[in-house]
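The same chain A turns up in both complexes below, where it pairs with chain B and then with chain C.
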Partner chain A sequence: MMRSAMMISVCTAGLAAWLVTTTPAAAFLAYVSNEKSNTVSVIDTETWSVIATIKVGQRPRGIDLTHDGKSVLVAVGDDDTVQVIDVATRKVIDSLPSGPDPELFVQNAAGTILYVANENDNTVTVIDIDKRARIGDVQVGVEPEGMAISPDGKVLINTSETTNMAHFIDTTTREIVANVLVDARPRYAEFKRDGSELWVSSEIGGTVSVIDPVKRVVIHKIGFEIAGLRREAIQPVGIGMTKDAKLAFIALGPANRIAVVDVATRKVLKYLLVGQRVWHVAFTPDEKYLLTTNGVSNDVSVIDVAAQKVIKTIQVGELPWGVAMARP
Partner chain B sequence: MEAARKLAARSAFIIADLPAPALLRVADALRDSDVTLFNIGASDDRLREADCRANVVHIAPTRAMLADALAQYLVWKQWKRWLLVSGSHDSDKLEADAYRRAAARFGAKIVQERVFEDTGGARRTDSGVTLIQRQIPVFTQQAPAYDVLIAADENEVFASYLPYRTWDARPVAGSAGLRPTSWDAAQDQWGAVQLQNRFMKLNARRMTALDMQAWLAARMIGEAAARTHSGDGKTMRAFLKSPEFSIAGFKGQRLTLRDWNLQLRQPILLVDGRMVVSVSPQEGFLHQVSELDTLGIDRPESKCRLR
Partner chain C sequence: MSMPATSSISAPLGIGAYLTCLLGILWRESLRFLHQRERFVSALVRPLVWLFIFAAGFRQVLGISIVPPYETYILYEVYITPGLIAMIQLFNGMQSSLSMVYDREMGNMRTLLVSPLPRWFLLLCKLLAGMLVSLLQVFAFLLIAWFWDITPPPIGYLTVIPALMLSGLMLGALGMLISSAIRQLESFAGVMNFVIFPMFFASSALYPLWRVQEGSPMLYYVCQLNPFTHAVELIRFALYDKVNWLSLAVVAVCTAVFTLGAVMAYDPGRGFARRMPAGGET
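Right, the complex of A and B next:
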């Protein structure tokens, strides 16, 4: 046992050294929630390998880091809570009082308040992160999922999968101020960094709606066509947009592809083949790489953003769903 | 008929759970109105074929769709030799027809057919188990080599007696064992668990295939109103029939209408009563328009001319 373990560590060290010399990327840590394994895989972006696996509650999906970088928050739907993982010890140290079946969440700019979409009771829960206390609820449509907050912090967006709407919630009054109808089963919402556009993916509708957040109307719908694939297989979910708002990467679910979209013209430039049933995406902080979670093939694809190429596949736990990125 | 006319006077949409002859009578009586009927109960293929009607939208899957869904899975499993046992009622015979068609379509072989006569009698009797345990092995003995027994028993006369009681140790599918259906309470994929929870909370019972078909019809009406911003029957019907229409039904992909006969395209679940074993269409069954059209009678074979 000792011998083989040493052999492996020597090999990994050798591989790591080789990678360092060829790809001088800064090292970050990616946290991947594995929906079926009830674990979070920690990936080192220097070696592109899983360096730790953290046991969490049941059905982990939405995942993010607190703004101080000290904790990873993960929504564990079947345990009806959001767990807090200590980054240093890689252990669950606490939990936050969400509603039943939390799925996705978003933090305010200060990182003090967490807004959680609870899939099972049609509410968004407002949580004070430091006090670990529930400070409010907002009634939304049926099966809330996607969450986004406007860059000015004034508007919270929640998408409800069965009502098919993006709900605009005033963060001060916690009241819905507008509802925008989008295509079927909206799953994810993302603001352009300057706040001028809101993008909402519709999984069953097969489109991404571009919404004018001031007028609160859909101004464009991005469609996807892939030769040899039926329309039904194209199911947009996760969206990642570069900080300069030039490129968007949209995960197309069972189409097993990421669509690379030119944000200005809203045209699809390219489709990148990744693993099976791709759910969500996250950039490394330097935006050199994009990681995608591939639910059915149980792996993570690494995309070189500049080259727009898939460069690596990393095996993780079963049914990887969400991904969040941290500086080590 | 009277009830249908009264409903038609008040509403542009009627959700109907009627047998085929009654559904056709209602459809023809309302032919000149703007009323749309949603057929949620009748699985007869003829309602989508020679007897199709322009004012009837079909939510219920047809016998051919259900049989094809099961056949694809059995063929994928390489269980291609079938012993077909059908009931003696007319609808059982139609179901058996659907399995014969499916076998020919997907390359399975029906090695022998048997008929289980419905001779009447009570279903629930003391010492019933003892009797059934003696009857079914005898009924299924001396069959040619087969992989799976397919039961076509829409009237639920005998199929549930078959599993674990056949002469040969073989799985049962069709009306018992592995059943093709539009919905099952065990379905929890693609967000369905939330729908199941809501249904249970509201009705204190589990959601059946018929419940799902009714829910989908209501959801289609709601979707048409939301998308057209209209409550006008004609406008909504035009939207439902347009290529823009699609609906989310907790089945992992959008559901659309076959424009040639107004049948809802849908994946079919294969269930055993506790689990969703698989969902058809199966991987590898390809189609130039929609893989969902590998289930049931396709456009080129269709006898339907909508009027």
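Right, the complex of A and C next:
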């Protein structure tokens, strides 16, 4: 009896050891919105292949997962709504009442409220995710796009492409409390994890403005230069910053490059070649990899974050725009 | 020519004799390589000029298509690296053939040929020595290229070795075959014009074949028939821990054919050597 129990435990331990060594540390799913083919591609980060394609509404762009990880939210601009995809069934199960032409959105820290930038009517819509109800609107500049929320949840940032401003919105009063002028066509905003800096990319201006969120002034502008490329081809859009705030990866649009920036010194360390017109980026939850959407070449490039190297490029649908990863 | 035929030796030679001969030839070739520093430098400078200058001009040319073995977009300098490695081996092979001609002109070859060992063995030793020298050159080049941000996966540096050995042997054997037909050192310029340049340019070393096909379908077929293309592709895949089976087969067959051809050509009873005028070594 004793001996057989020992045998079983040894076998179990062996099996467990084998499983530990053969099972990859972590596999995640990435959801990529394809603006032109009206689909969302699901990429398995273990095999780096598209394992499913979900049909969604027209012109899907901004994409993210709900905090419980059960749903994917995707802004379908030409259908004037934000659709809810069930992760388990990979089907659109509901929609949220945004304004016309929603583009990018952000959730509050609790994951209960969604703030959506509506490109066509210069507003940010506030939605209660659970109730699927619109609970407010904030008037902002022309063509609102980039959205970010401060780590303490008190300040919501919206950038407006035509007004060229980063609007600071008080999340309690839902009023604009400050406007910071940045370079032309601000596309995306991202807070440093500790909330000490706000980075805003300007597509036409070709810069990333570093803003002090307390003083609400631009304290630095990061410029980009790639030998052999016209200045106009360098159009910063998506920004991904590591949790330890050491590195930032900035998508440079038609420059087909990702700039790797040292956050502390704000210097570009390196440019990585990816597909054409790289737009948005997302880290895997363990931050080992960064995925980039390359709109014109219809693919997603995978960057090994530690090695700062592009390791693979995967074909997805037409005009991939946004990418979201399952949270840890 | 006073070349003793191997058949005149009655006692069979032991493995030790073969080994002594092999080591002797390897030693001589490595000495020659080490002493001719300019040869080493020039073997290194040639591909580096291509890498630093030529590739810089074409940096943005690629990046519109992903071809195996690559898994993502690459810069031009990354693309031409395997081609430049093969170029090092091509030049090395031709250089060995040049040294054969030189040895023949200077009379050094006589020393080698009086050996009681069979002629084919001497030639194989020489081939092996040339190939090993080319490996040294290639790794020196790869080391410098690494600092130029050409960083294949670490395992690639290992997996490329067998590919380099085979392609080195093929190009060395080709050089040897050609050298058997060359009487004088001066004729070597012809080898440059008629062998090295066409082989190098009509291959996938500098541009991917789908690009060639776009420009000229005819040239595309020529490139595919060129064994050098397959040497390049074999190295390219091996450097990224992959096998291009077609190229492997082509290179293996060509190595066998060229080696056999060279052995026959250097056989006093048959090949080109027979047509040499008496005292041609001086």
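The definition used in the following text is that the second predicted complex is superposed on the first by the 301 of 328 C-alpha atoms of A that agree within 3 Å, B and C clash if a C-alpha of one lies under 4 Å from a C-alpha of the other, contacts with A are read in each partner's own complex, and residues count from 1 in each chain.
One rule holds in what follows: a contact is a pair of C-beta atoms (placed from the backbone, for glycine too) under 8 Å apart; a residue touches a chain by one contact, two chains touch by 3 or more.
Just so we're clear, the structure is a prediction, and the values are computed from it rather than from any experiment.
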| item | value |
| --- | --- |
| Touched partner set for A:275, first chain B, second chain C, both or neither | second |
| Partner chain(s) touched by A:309 [first = chain B, second = chain C, both, neither] | second |
| Chain B versus chain C as contact partner of A:175, first or second or both or neither | neither |
| Partner chain(s) touched by A:130 [first = chain B, second = chain C, both, neither] | neither |
| Which of chain B and chain C A:262 touches, first, second, both or neither | neither |
| If touched residues of chain A are counted for chain B and for chain C, the larger one | B |
| Which superposed partner A:225 touches (first chain B, second chain C, both, neither) | neither |
| Contacts of A:101 with chain B and chain C, given as first, second, both or neither | first |
| Residues of chain A contacting chain B in one complex and chain C in the other | none |
| Complex interface listing, chain C residues touching chain A | 59-60, 63-64, 66, 71-75, 151 |
| Complex contact set, residues of chain B against chain A | 191, 194-195, 197-198, 226-227, 246-248, 252-254, 287, 289-292 |
| Residues of chain A that touch chain C when the two form their complex | 228-229, 256, 273-276, 297, 301-302, 309-313 |
| For the chain A and chain B complex, residues of the former touching the latter | 101, 119-120, 142-143, 161-162, 164, 181, 184-185, 203-206, 230-233, 235, 254 |
